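Both complexes shown next keep chain A, but they swap its partner, so chain B is in the first and chain C is in the second.
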Partner chain A sequence: MIEYISGNWEQILSRAGEHVYLAFTAVGLACLVGIPVGLLINRNKRIANAVMGVANILQTVPSLAMFALLIPLVGIRDKNAIVALFLYALLPIIKNTYIGINNVEPSVIEAAKGMGMSRMQILYMVQTPLAVPVIMGGVRIATVTGIGIATIATLIGAGGLGTLIYQGIGMMNYPMMLSGAIVAALLALLIDFILELLEKKMTSRGIAIK
Partner chain B sequence: MKKIVFILLAVILISVGMMAGCSEQDNVVRIGTKNYTEQYLTGQMLSVIIEDKTDYETEVIEFGGTMLCFEALKSDEIELYAEFTGTAYGAILEQTEILGQNETYDYVKKAFEDKYGITWLDELGWNNTYILSVTAETADELGVSTVTELVPYADDMIMGCDNEFIGRTDGLPGLKEAYGINFKQELPMDQGLTYAALRDGKIDVNVSFSTDGRIAKFDLVNLEDDKNFFPPYYVAPIMKQDYAEANPAVVDALRLLKGKFTEEDMQHYNLMVDEGGDVRDVATQALKDKGLIE
Partner chain C sequence: MIKLKQVCKTYNNKDMIVNNLDLHIEDRELVVLVGESGCGKTTTMKLINRLIEATSGTVEVNGQDIKSIKAIELRRNIGYVIQKVGLFPHLTVGQNIGIVPRLEKKDAKLIAQRTVELLDMVDLKHEDYLDRYPNELSGGQQQRVGVARALANDPDIILMDEPFSACDPITREQLQNELLKLQEELHKTIVFVTHDIDEAIKIGDRIAVMLDGKIVQYDTPENLLKNPANDFIERFVGQDRLWKTPDMLTARDIMNKDYVRIGMNRSLAHAVELMREKNCEVLVVVSGSGNYPDYIEGMVGRRQINKDYGHDIRMKDIMRTDLVTVQPDTLLNKVLQLREKHKLRFIPVVEEGVAVGIITEPSILSVLTEIIPESEGF
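Showing the complex of A and B:
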């Protein structure tokens, strides 16, 4: 096993790079779309329910099926994989943004109103900073899940660590199979750890749980 | 402030990611492969010869099956891949009348050029056909050596095959019709797993690829296709006609492979990979053995 990794570290690294590219691009896009959406739907309960309903339905589609369903729409390869991973990342991010904003204590908002802040100012200067831990929680879930689902992307020609796993299965090459699987898991752990540090940095000291 | 930083980070990450991914250089030949040993090997062989004989670089991309490779080629997501005449004939064009090796090649070449603007380069030399296999014990016990002889026993047998065989015109439906054969259970799975599954008795009969090295290694016996149901499956690189005309260097490099490899050769090299060999190393070795590269 060690020999395989030391002998093939370039390939493993290259596949890991492809994997990161797929997952990060998708989650990055999901943040760009999901966080503003989560902030905006705050106003109207019905719209909020509708939006989260859609995201929920997307979540239930099995990943292999999602890639397949997207083929007639976006073709194959990395475009397809990124769109699929983007759709899966939406629910945790939108939901957590929404919940995070909603769970800000009414008394804090009252105080802000009392200080003469406009609705937008309250949203950006009070609610969002307080919701950061919850929002980041959503991003972490989305990223870790994305890294997991991206292992299947090899089937539509998007590469990634799944290629090592899948080829390993076909050739019954256990070191190859396991190196793909273990590196994928380690990648998820590493990213989660980094995001946790980022979360701590972004949480204002006043609300950090000691 | 923190939110701005976060958004900036996300934008930077995305841009970097997209720039890394969208590197479509001009002189890169993207070679598609299907998802089993011999295709990985063939893809690397094509890659090595192109890189050795021309200034082009190559990228080998794996897809989950025949139709995905074919779609990728049609939509120019790849420049070429190695296809089997029989697969094109039976599965893509859905023809059932069995022709000889050259007739099949001529038929698919003309049909693909007319319908898809895709041309076939020279055959690499080997015929990798579907073939039903059983263990040596089963063959002895039941005294079977052809598919027709298997038919009466098949009702009690579990059959293993790849995911494509189940639905292809040159696959299970056609086989059932041609031989009147039926199995107790049909188990599609990753093709590479079927050989060990057969050896270990998890299945009773599998649909092998005739050039797989594990048939000999696991002491499996091939049953003769006595009704001549399967078409010839000779492999050749296929690419868009326009691409072939615009890139003669690539075509010339691939032409060097014409008729160079036999079924025995491929069984040998496939086995090397299945026993743990690195695919590209084995591909390079194969080309060296035939005196195609230094």
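Showing the complex of A and C:
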């Protein structure tokens, strides 16, 4: 296997690059959409439940079926994969943002209101900073899940480390298959670790002390 | 000045939380709203900064109907302190205190300076606390920061909703004392909500006792204790109240009204007879014949009588005139100090020249024994 890796590191690296590209683009877009949605739906419980219901349903669609369902809409290749991964990433991000904002101690909100902060000021100066760890938790789950699901994206021609795995299985080339699988797993761990560092960096020290 | 005029607050058009309430709060006064839970005291307080909007009636702050002021603007100028403090855990103590001035876009340097001042004011060393986070502080320290934060924008009015209730008794007492000290310096208009009548009596200039959304009595602590408006107030204030706060007792409470008078022209023989008959040690010498009004002229005790016994002499010749007297509203504490200082056995209580009573050792003792609750007796 070491032989395979040393002989094919360029290919592995480019597949890993594709993989990261798929997952990051999708999660990045999901953050851009999901976090504002999660913040805004706090104003109305009924809307919040509806939005999360939809996201929940999306989450239950099996991944291969999701890719297939999207083919008539966006065709194949990376476009399809990114849309699918994006849809999967929405639920954890919206849900965690909603919960994070909602779980801020009511007395803190009351004090903020009582001292004359507007709703928007409370949202971005108080609730959001306090919800950072929970929101980042959602982003981490979305990213790790995304990296996992992205291994199937090869079936619709989007590339990624899944290519090595499926080709390896087809060609009975175990070193190829294993290197794809192991690198994908390591990638998930590494990115989760980096996001954890980022989360710590973004969280106020005051919240970490409890 | 804060004025609530015929204010009602109902929920779902039926639950009257605040019922046709009138309340005038003078400038620089510390007014306590007190009552059992559910009496509407917190709701009443929140009407003032529009955290709750009145269903009917008007609330005026400094003569202006608060409905005509934007809620946010109104609240920026009213300090707000709550039981659970509600500090922002992601911000340092300094940032917490400076948040309203920052929203008001005040100069950063001035804010920093003011923050340091405020921390010192609430007895937290700024060099130690400025950069710490709320979660690193004890409950009492957090509430000090909460008070400092409420003062940051230098509001004229401060609302405090059971601010010390969550603290342990020792901390609570410290914080109460510091609030009183602070109020002596700052003279803010403070509306303080509590369920604890002891706290109310300790800190309030005036107390509004509430029941079922109404104010039952709005009075000074002294009057509340002495002249409860009805049975409810009497029960709420507690009959052992005087014992709990003996510092509220005045000369009027401890004096003996049935002292023995003697006219200043009566003879010594008469005085001796009177003392024997009434079994008393001291006579109050009054002008005229001993009838009302008894303008006090002096006192005669056994010592004066024994010394000059046998002479044909009048009261006005032997009475002591270097009297130490007290007013009826002189506090017990002061009376005891005078007793101690001048080594007095008898102190006449004088109102506009008329003796209304006399304080003796038995009269003090009997009052103190009376106010000890029976349950605590032997």
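Going forward, the second predicted complex is superposed on the first by the 208 of 210 C-alpha atoms of A that agree within 3 Å, B and C clash if a C-alpha of one lies under 4 Å from a C-alpha of the other, contacts with A are read in each partner's own complex, and residues count from 1 in each chain.
The rule we apply is simple: a residue touches a chain if its C-beta (ideal position, glycine included) is under 8 Å from a C-beta of that chain, and two chains touch if they have at least 3 such contacts.
Note that the structure is a prediction, hence the values are computed from the model and not measured.
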| item | value |
| --- | --- |
| When chain B and chain C are modelled together on chain A, clash or fit | fit |
| Partner chain in contact with A:Ala50 - chain B first, chain C second, else both or neither | neither |
| Chain A residues touched by each partner, larger count belonging to chain B or chain C | B |
| Which superposed partner A:Ala65 touches (first chain B, second chain C, both, neither) | neither |
| Which superposed partner A:Ile169 touches (first chain B, second chain C, both, neither) | first |
| First (chain B), second (chain C), both or neither touched by A:Glu105 | second |
| Apex chain A: angle to the C-alpha centres of chain B and chain C, given in degrees as a multiple of 10 | 170 |
| Which of chain B and chain C A:Met1 touches, first, second, both or neither | neither |
| First, second, both or neither for A:Pro129, with chain B first and chain C second | both |
| Which superposed partner A:Lys113 touches (first chain B, second chain C, both, neither) | second |
| Chain B versus chain C as contact partner of A:Leu189, first or second or both or neither | neither |
| Chain C versus chain B - closest C-alpha approach in the superposed model, Å | 12 |
| Contacts on chain A seen with chain B and repeated with chain C across the two complexes | 129, 204 |
| Interfacial residue positions of chain C with respect to chain A in the complex | 49, 51, 71-77, 79-80, 82-92, 99-100, 103, 133-136, 146, 149-150, 159 |
| Chain B-facing residues of chain A, complex | 7-8, 17, 20-21, 24-25, 28-29, 31-32, 71, 75-78, 124, 128-129, 132, 154-157, 159, 163, 166-167, 169-173, 202, 204 |
| Footprint of chain C on chain A - complex, ascending | 105, 107-118, 121, 125-126, 129-130, 203-207, 209-210 |
| Complex contact set, residues of chain B against chain A | 2-3, 5-7, 10-11, 13-14, 17-18, 20-21, 32, 35-37, 40, 61-64, 68, 71-72, 75, 77-78, 190-193, 196, 273-274, 276, 278 |
